[in-house]
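Given below, in the form of structure tokens, are the structures.
In the two complexes below, subunit A is the common chain; its partner is subunit B in one and subunit C in the other.
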Partner chain A sequence: MLFNSFQFIFWFWPVVCIGFYLLCSANNRQGAKVWLLMLSLVFYGWTRLSNLLVLIPSILFNYFLSRKIVVHKDAKQRKLYLWLALAPNILYLCTFKYANAVFGTHWEFPLGLSFFTVTQVMYLVDCFEGLTPPNSLLDHSLFVSFFPYIAAGPLTRSRIIVRQFDSAGNRDRAADIARGLFVFAIGLVKKVIFADSFRRLADAGFLQPTNLSTLEAWIISVAFTLEIYFDFSGYSDMAIGIALSLGFEIPENFNSPFRAQSVIEFWQRWHMTLSNFITTYLYTPIVRSFKKVTLATASVATITAMLIAGIWHGAGWNFAIWGLLHGVALSVNHYWKKSKRRMPSLLAWAATFVFVNITLVFFRAPDVVSAVSIVKEMIPNPNLLSITAIRAKVRGVELEVMLLPLLIGTILAFWGKNSGELRRTFAPTTRSSLAVASLILVALLFMNSNIAQEFVYFAF
Partner chain B sequence: MKMKRWLIITIALTLGCTAAFVGLNYWLDPYCIFRCRPDRLIPVATNERTTKYLFGFRYIPQNFDGILIGTSVSGNWNTARIQGYKVYNASLSGGNAAEGALILNNVLNHGKMRLAIFIVHPAMGDGHEPKSGSMNPQEYWGSLGSIPLLQDYASRILRSVGRHRDECDSYGVYDISPLLAAHAVVVPPQKEVGIFAGQVNKVAAAPDYVDDVAFAQYERLIADARRHGATVMGVIPPARLRPGEQTVRQAYTQRLLADFMPEDIVLDMNSPEFDSFRESPDTFWDGLHLTDSGADKVIDSINRRLAEESLR
Partner chain C sequence: MTSDNLLERLQPIFRDVLDQPSLTITTESSGHNVEGWDSLAHINLVSAIEQEFKIRFALGELQDLKNVGDMIELMRAKIGK
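Moving on, here comes the complex of A and B:
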């Protein structure tokens, strides 16, 4: 079930809220948790019931192994159980992620597998480190399958969410629902108006990445960069808004990434929960494995961690190259930082954006050859300003509809307030009420226009 | 304002405005889906694929007893001039059999057609997928509120102040005057050759090349019309071809004609009988698409064939 579907907005979400708050009002906290778990499983199995056959064994396996890790006092045994738990998780993920590429199978990738596997890896390591107490089976099942974030994050740690199971719904409920609706509306608009418009433009080029002019190559690459930003940050906002409407706080994922003036800063603002995971659970253990921490060893750790993050996104070499490029850029950025040299802000911003934009070509292109072809065409060539390839794909009528969202979206992505800032300044006024109602109405119009698309990150 | 009050107002406003907008569209019913008066004739203002697809739900079954399935080749054939039947021209620019089937199936599921005319032209087998996503059941609900609907309203408002021309009239017939004005100078008079050269190349590369799925769709299209009791007519549209292309074109035409039964009517506008018509400078505007006077002559021929058949 998609957040940007009528069944979710008009049926599923209200039913979840009503049931949850009724049970909370009746002081039936266990019942409220069971209700959320049941509806989360319905949400997850909605598109394909067989998805549950992938999720439930994973939950049970990790629940039992986490108990084993915690019960044992002996460090060696704890470590053994940690690896006994981590290895099958990695194998499980790799099997679904890479079997098609390696063995030529045709398995459909289960929704959210990458996310709930990473979530549980974080939980297992936290249990091992003693950072989180072991969950009960109900808490663990709900923590993993909680519907706002199971499909595509934000990646949430157990210690942040589980403690809220016993307190959510106790605050001012109207305020939580109002704030949740506000954030959800922002996310919905980002997804169905902006992301889907940029997607049409990006697809026009990426589906046939040859014979593009320099201008077209730049237009489609920037279009994809903005598409993935609006798509994923829109999804994250919706997830945060839905969770908030139930009284849960889950971490923010984006903080105006296109304002970044360095690659380091970009990763502090882009897919922040994944950045935290990479830093805490990949980079730190790798760097610790070296005898001495120097800038060189830190660079090796950074590049390795980012390469793993790239491969986590998909089986193609293009994802590996994307991760590798970012790893190298982060290392160079650290050396640059250490040298204490300064770059003018505007130049730093432009260099960062151009780098991010070019690397995202590898992320979106179907293969490395296509990506290289587009990147080559981004270098000024005799076919400089033609837009015939895009015009051939995007018909006049579509362009009329897309033009306004494309313009507004571009302005908002670079200069607009982000949803976190908007959320913090939210006030219950007539103006905000009119704004939210109008945003939802316009979004519903787009949703009902046969242009609603799945979220990009559902594929990862 | 208190949060609770804000929440109630916002939800009420959202639901109220949504309901009002949906109710208004239901009442206006621009595609004649929900409350169609029998005498209401509606032109295609914009988005011809969506509009003609939606017309299949009620407008065509209620107002017409015949349908023409074709491409831009037959787009400006004025079907209002066909005698003895009221025929809707469901031709689509760049259409193929897959898209024709989407409209025809809709029409046949909601009413009865006495006459179904199909053009016999390679373009009908040009791919076996619909060429856009704008012809699907979701558009039915889209007619209660969607972006294409707003575009339709905007086009109608602009038309009322003389700033927009309808794409097709209430019989689905294209208004090609803006095209003629725009293309009279710039389009070389051999567009057909360009399209057809592609097919020739495919045949040269693989002598047995046939898009079997597309041809099967075309066959099913005709069979469906026949099964629903319609008189089936195939019209081979006139074309000005270079000598070398005749053979390949004939091969394709014969392949398409194989789907017609002996009781069906076939009109070949490329037969020697129409040589002078095809050679006339007034017939085509680009070697493939007919001028309005050329299209009228095709309709005259259709009328003659239908009259001959009725005498049998």
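Moving on, here comes the complex of A and C:
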């Protein structure tokens, strides 16, 4: 089920909220959790029932193994069970992710597998380190399958959310629902209006990436960058808003990434929950495994970690290259910082943005060859400013309708307040309620005229 | 071991790891407002603190060490044991 669909907005979401709050009011905490779990499973299995056959074994396996880990006090045995638990999770993910590439099959990738594998890996390590007692079956099932974040995050740690299962729904419900609706509305607009507009532009260009002028190559590259930003941050906002409407706080995923003035800073602002996971559970153990922590060993750790992050997204060489480029750039960034050289902030910002754009071309292009050809076209060439190719691919009327969202979207992406900032200063007043209502109305109108588009990140 | 006490003992560690002899940290100091405190420096800071105070931070705790105040709180819990 998609957040940006009429069935979600008009029946699923209200039904979940009403049922949850009724059960909380009746002091039936257990019932409230079971309610959320049942509906999360409905949500997850909605588009393809067989997805449940992938999810449920994962939940059960990790539930049982986490208990095995904590039972052992001997460090060696504990570690053994940790790896006995981690290995199948990783294998499970790799099988679904790379089977098609390796065996030439065409299996559809199970929704959210990459995400609920990562959240359970974090849970298993937390159990191993004694930071959390193992979850009850109900808590664990709900933690893994909670519908606001199961599809594509934000990656939420078990110990952050499980304690909320027993306490949420008891504070100011009206305020939670108001703020949740507000954040959801922002996300919906980002996705349905902005992301979809940029997508059309980007798709037009990426479909046939040859013979583009310099301007056009840049337009489609920036269009995809903004598409994926609005798509993914919009989805994250919707997830956060829905969770909030039920009284739950889940982590933020984006913090105005295009304000970043370095690649290091970019990763502190883009897909923050994944970036935290990579730093804590990949980078740190790798760097600590060296005898000495130096810039060189840190670079090895960074590049390795980002390479893994790249292939986590998919089986193509283009993803590996994307990861490698970021790993190298981060390492170079660290050396630069150590040298205490300075760069004017405008130049730093531009360099960061250009770099991010180029790497995202690899992310989006169907293969490495077309990615390279687009990047080549981005270098100023004799065919500098023509826009005939794009005009030909995007039919006349479509372009006119898209122009305003494209313009507003671009301004907001670079200069607007982000959803986190807006959320913190939100107050339920007549003005803000009219604003939220208008946002949702406009978004619904857009939704009505397009077939609901899936989120880019559902593919990962 | 009081918080002020710990803050005092952290000053030379931060100055050394971040290579800023004139740095003074407060409980509000974090990666956002201290120059040079990035992921690499963070690892070195954590190692130095672990060695100095004979404690161990779990991987899962590293994300929660967002600022010096959080660090001190976690350190007090560990040193107490």
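In this section, the second predicted complex is superposed on the first by the 459 of 460 C-alpha atoms of A that agree within 3 Å, B and C clash if a C-alpha of one lies under 4 Å from a C-alpha of the other, contacts with A are read in each partner's own complex, and residues count from 1 in each chain.
Convention: a residue touches a chain if its C-beta (ideal position, glycine included) is under 8 Å from a C-beta of that chain, and two chains touch if they have at least 3 such contacts.
Model, not experiment: these values are computed from the prediction.
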{"item": "Which superposed partner A:H334 touches (first subunit B, second subunit C, both, neither)", "value": "second"}
{"item": "First (subunit B), second (subunit C), both or neither touched by A:C94", "value": "neither"}
{"item": "Contacts of A:I286 with subunit B and subunit C, given as first, second, both or neither", "value": "neither"}
{"item": "Partner chain in contact with A:N448 - subunit B first, subunit C second, else both or neither", "value": "first"}
{"item": "Partner chain(s) touched by A:D126 [first = subunit B, second = subunit C, both, neither]", "value": "second"}
{"item": "Partner chain in contact with A:N276 - subunit B first, subunit C second, else both or neither", "value": "second"}
{"item": "Doubly contacted subunit A residues - partners subunit C and subunit B", "value": "none"}
{"item": "Of subunit B, residues touching subunit A in the complex", "value": "1-7, 9-11, 13-14, 17-18, 21, 46-47, 133-134, 136, 138-139, 141-142, 144-148, 150-151"}
{"item": "Subunit A to subunit B touching residues, read off their complex", "value": "172, 174-175, 177-178, 181, 397, 400-401, 428-430, 432-434, 436-437, 440-441, 444-446, 448-451"}
{"item": "Residue ranges of subunit C in contact with subunit A within the complex", "value": "31, 36, 38-40, 43-44, 47, 58-63"}
{"item": "In the complex with subunit C, residue positions of subunit A that touch it", "value": "122, 125-126, 129-131, 157, 264, 268, 276, 279-281, 283-285, 287-288, 293, 295, 298, 334, 337"}
